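Should a chain be cited, it is by its letter among A, B, C and D, assigned in written order, with residues numbered from 1 in that chain.
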Amino acid sequence: MRSLDKLFENSSRSLARHTSRRSVLATLGQILTGAALVPLLPVDRSSRAQAAEPKGAAKGQSDDPKSCEYWKYCAVDGFLCSCCGGSSNSCPPGTRPSPITWIGTCHNPADQRDYIVSYNDCCGKTSCGNCECNRNEREKPMYRPSRNNDLNWCMASGDNSNYHCSVSVILGLSESAK
Amino acid sequence: MRSLDKLFENSSRSLARHTSRRSVLATLGQILTGAALVPLLPVDRSSRAQAAEPKGAAKGQSDDPKSCEYWKYCAVDGFLCSCCGGSSNSCPPGTRPSPITWIGTCHNPADQRDYIVSYNDCCGKTSCGNCECNRNEREKPMYRPSRNNDLNWCMASGDNSNYHCSVSVILGLSESAK
Amino acid sequence: MKTCLLRTALLSLATCTPLLAAPPPPLPAEHLTVATLPPNNPHRVYVLDEAFNNEIDSRVLLFDGDTYKRLGQIGAGFNPGFNLSPDGKTTVVGTTYFARGSRGKRTDVVEFNDNTTLSVEHEIVLPPKRAMTLPTYFNLAFSSDSRFLYVSYVTPAASFGVLDPAKYSVLSEIDTAGCVLTIPSGPNRVSSICESGRLLTVTLNEQGHEASRAMSEPFFDADKDPVFVQGIPTSDGYAFLSFLGEVHEVDLSGAQPAFHPVWSLLDAADKAQGWRPGGTQVGAIHKKLGRLFVSMHRGGEGTHKAGGTEIWEFDLKTHKRVARWPLAALKLDAVGALQVTQDDAPILFAATEKADVAVIDALTGRLRHVEKQLGQTPWLMMNP
Amino acid sequence: MKTCLLRTALLSLATCTPLLAAPPPPLPAEHLTVATLPPNNPHRVYVLDEAFNNEIDSRVLLFDGDTYKRLGQIGAGFNPGFNLSPDGKTTVVGTTYFARGSRGKRTDVVEFNDNTTLSVEHEIVLPPKRAMTLPTYFNLAFSSDSRFLYVSYVTPAASFGVLDPAKYSVLSEIDTAGCVLTIPSGPNRVSSICESGRLLTVTLNEQGHEASRAMSEPFFDADKDPVFVQGIPTSDGYAFLSFLGEVHEVDLSGAQPAFHPVWSLLDAADKAQGWRPGGTQVGAIHKKLGRLFVSMHRGGEGTHKAGGTEIWEFDLKTHKRVARWPLAALKLDAVGALQVTQDDAPILFAATEKADVAVIDALTGRLRHVEKQLGQTPWLMMNP
């Protein structure tokens, strides 16, 4: 459980900056659910290319955070914030990170490790409309919200519930990488 | 002046159905301004093809009211209501005709006559987004509003000022066709 | 000239010949009107364009599969759900608006659109809890007798609202213990899908409050092979396809859900080739003919949203595949959404990932028409 | 392993060789932040995407002509006007919202966006009279000292509002007798363009109310050769191009407008070939270099909105064409909007009718970058 402790610590720190205490607790709840479900299977490379292919993304790996094929985006369904004025882990100016989120596991080919990433939406502006990315590795339908990317994770942002773009934030190593 | 009398009669009749007395008067005001400005020049065919060309419309004439090249659309800049659930002279279901309008003259190749047409916008829904048409024969900038198609003619429709699509309604023969 | 024409009709042509050569009378003045919808026909389809690049401007487009005409547009706001009333006369849209378009006060609302005038007749303002997710049959759903309208909430805590579509009021909110969406059955039952693979079924009383609830046995395994939430209406309930191509038919005609034996879309060869269903509306069923149409592609884990490169047709009685239509042969892009009309000359509507909508003869697979760019992102299609 | 690496640094490698061959340490955890804009640079451009197919979702996109990065987005509502404050720190957007997106209560408003945070800091609610038309420099404009903000009204009766951008209040409405738009000059003068070809200039008092008005001589003929309303900023005022390619430079530095001698973009050969300016933002001027860039095409009457197939560069002193850049050679579609930066290494931004924005070296005409699909319909570009 070492990495899980680490995980909570990181995620709570990173999220506390932007969110109320209530929503941090909500977030930890989400992450707890998600972390408990991290599969031990290795990532299926072939499926990744397939998943991205129909949406016109380039096949294979990419080191470019503006590319849908960038390793951290293995379950992003939306616009990449790195093409909208943000980065792979920062929201564009004038938008707000979603206080709640869901997490997944992505394989980094550079070090052959699996990482737990937090998928947050950036909220409060209308669709960025640039760099649409649709990858769904180990993504599950909405009856498992902690693994679902169809939900608008700006949902709990009140007057800022508009969806603008999506980020993917490294929280720590996945159990399977131990 | 026979045709001008006729023109007012028609336009007031057709518009009275949908508009308050105030706006009918406004309309007649617009048409009066416009009618006084109907040029006596014949229509410049070459210019028409050119005007439509950059927007990808087919060259030359068309009998299809869904085509930007249909003769009545010689100064339409917007979406053709005939592609949105309406026709060349009717608004789509659930939209409202603009109570105010501007008029132009279009040449009908079928009978070689110039007709005065009323360009109305259909209002109260968001952009139709289909059959965009951009033709500007004898169209003038907004300092001559009675000849301008850049203005959103839904402007006076209050809560229904959203622009959906555009129609072109025959009001009568142009003076030059006498 | 009129008198001359009159004389012509009565007497000889000779005297008028030169005048008859004169030009035709001018076109009459036209009158500006508002078009009314033509009489209803079974081949109409309501297409939700999510307008994903400009998502606050989603809309429902009414399209005619016979004339290939766009009949009109219904506003759908931001990240909407929608459905049709059992009598087909009303389109309900559950959506969200912000006072300043992209920002400002949030208002969640259900709008009632008259399908003959395409105008909003009523609305019900909701608590700001509406499930913001992909549209399905279950974001917003009517009871069989239209007495109740159910709306799914996710905050992310899951619950649903019970609305009165006659009095335009909110009757109650019912917690679903993490289970999601509102699958209607009968006049007063609502089932929600749970992470455990079970259905939670809540029975309502006359006032639209919870009378009782029951949890079914699991009918799928969310870890091994999750089902799409896009249930497909059947004669006694809904069919749920799984990521790996299993068909779970749920009978909702009784007090509690019953589950038909599970069957697979795939034989050994299909499995070996990696065929799977995928898209935003993966299948459609013609109830009377007992035929299932599915959007199929080849791919691995994570490809459940990939559009189909083929449409497969199955017989719901024999569970046999009776047709297989490769879309490349029809020069169509991958298909993300399918819908079929319920009449005896059914039309299959197939929306591609490039936003074209194909009109296909559901009996023969013959392509009749391709409507180009029916919006930006047509993700769900409904018909009465 | 950490201690080993420590020892390594201090002592010998030998003992650790096997461990050093071990994989690198895992990537550190990241922190979710909100990006701040990089320091300003002269090559930024504010691009208005009218989003014509979804017009309630217009937006202003901030784009960097050096890094080719999209820096952020400012919401712009429906059929907006916009402008930058004289100090470049604020983007003002004049727009309209409806309570239910496509319908419902109409609210006209001016929003003040902080250009360092791209967030709306203030708004002024307007009477529902805002001119709904193509964006220009004159739908919304600041006085030279930012004391006043002027907003054009058309109902279709023409007038304008005088706003206080410090107190966020409406100071007055001034009738313009049919003349349109608000061309600012000095701290308290507003000129409007009249159908008669004259400029109406209203001088304001301290309270932002009308102190006096005067009508200029006609400087163009709306029947024979109308000018585009898209004035181009010059060192002493604005240049207005005519449909037939005449250049009307208006000096607004004095109490009343003065008109420089009219000159033509076209020589006899150009005229014979039917060259004309056209588009939604037909030209741009580099003030210090005294260079005018115009989007030119060949066409007849009615083609004034056609994008340019060539960009022509003129010397404002000699009135001679100094360069001519055919866009086909750069593999660019027809160009509908032009803007140039005002620094010593200027960049020309050219927005095509296919919504691509080309980044061109304004000194050489060399194409540096094409930003694909910068929105749906980029119709106006502004820079400080």
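Simple rule for what comes next: a contact is a pair of C-beta atoms (placed from the backbone, for glycine too) under 8 Å apart; a residue touches a chain by one contact, two chains touch by 3 or more.
All figures in this text were calculated on a predicted structure; none of them were measured in a lab.
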{"item": "Chain C reached from chain A - shortest hop count over touching chains", "value": "1"}
{"item": "Between B-C and B-D, the pair joined by more C-beta contacts", "value": "B-D"}
{"item": "Between chain D and chain B, distance of the C-alpha-averaged centres to the nearest whole Å", "value": "29"}
{"item": "Intercentroid distance (Cα basis), chain D paired with chain A, Å", "value": "36"}
{"item": "Gap in Å, rounded to a whole number, between the CA centres of chain B and chain A", "value": "50"}
{"item": "Overlap residues in chain C, where contacts from two or more other chains coincide", "value": "53-57, 59, 75, 78, 101-104"}
{"item": "Sequence positions of chain B contacting 2 or more other chains", "value": "125-127, 129"}
{"item": "Chain-to-chain touches, reported pairwise for every pair that qualifies", "value": "A-C, A-D, B-C, B-D, C-D"}
{"item": "Contacting residues of chain A [partner chain D, same complex]", "value": "6-7, 10, 13-15, 17-18, 83-87, 89-97, 108, 111-113, 115, 118, 120, 122, 125-130, 164, 167, 169-173, 177"}
{"item": "Interface residues, chain C side, partner chain A - complex", "value": "52-56, 78-79, 96, 98, 101-106, 128, 131-134, 154-156, 158, 179-181, 193-195, 222-223, 226-229, 297-307, 334, 353"}
{"item": "Chain B contact footprint on chain C (complex, rising order)", "value": "23-24, 26-37, 57, 59, 62, 69-75, 116-119, 373, 375"}
{"item": "Chain A residues touching chain C - in the complex, by the definition given at the top", "value": "26, 30, 37, 39, 44, 46-48, 50-51, 53-55, 74-75, 77, 100, 124-127, 129, 132, 134-145, 148, 150-152, 154-156, 158-163"}
{"item": "Residues of chain D defined as touching chain C within the complex", "value": "51, 53-57, 59, 75, 77-78, 95, 97, 99-104, 107, 109, 111, 120, 123, 376"}
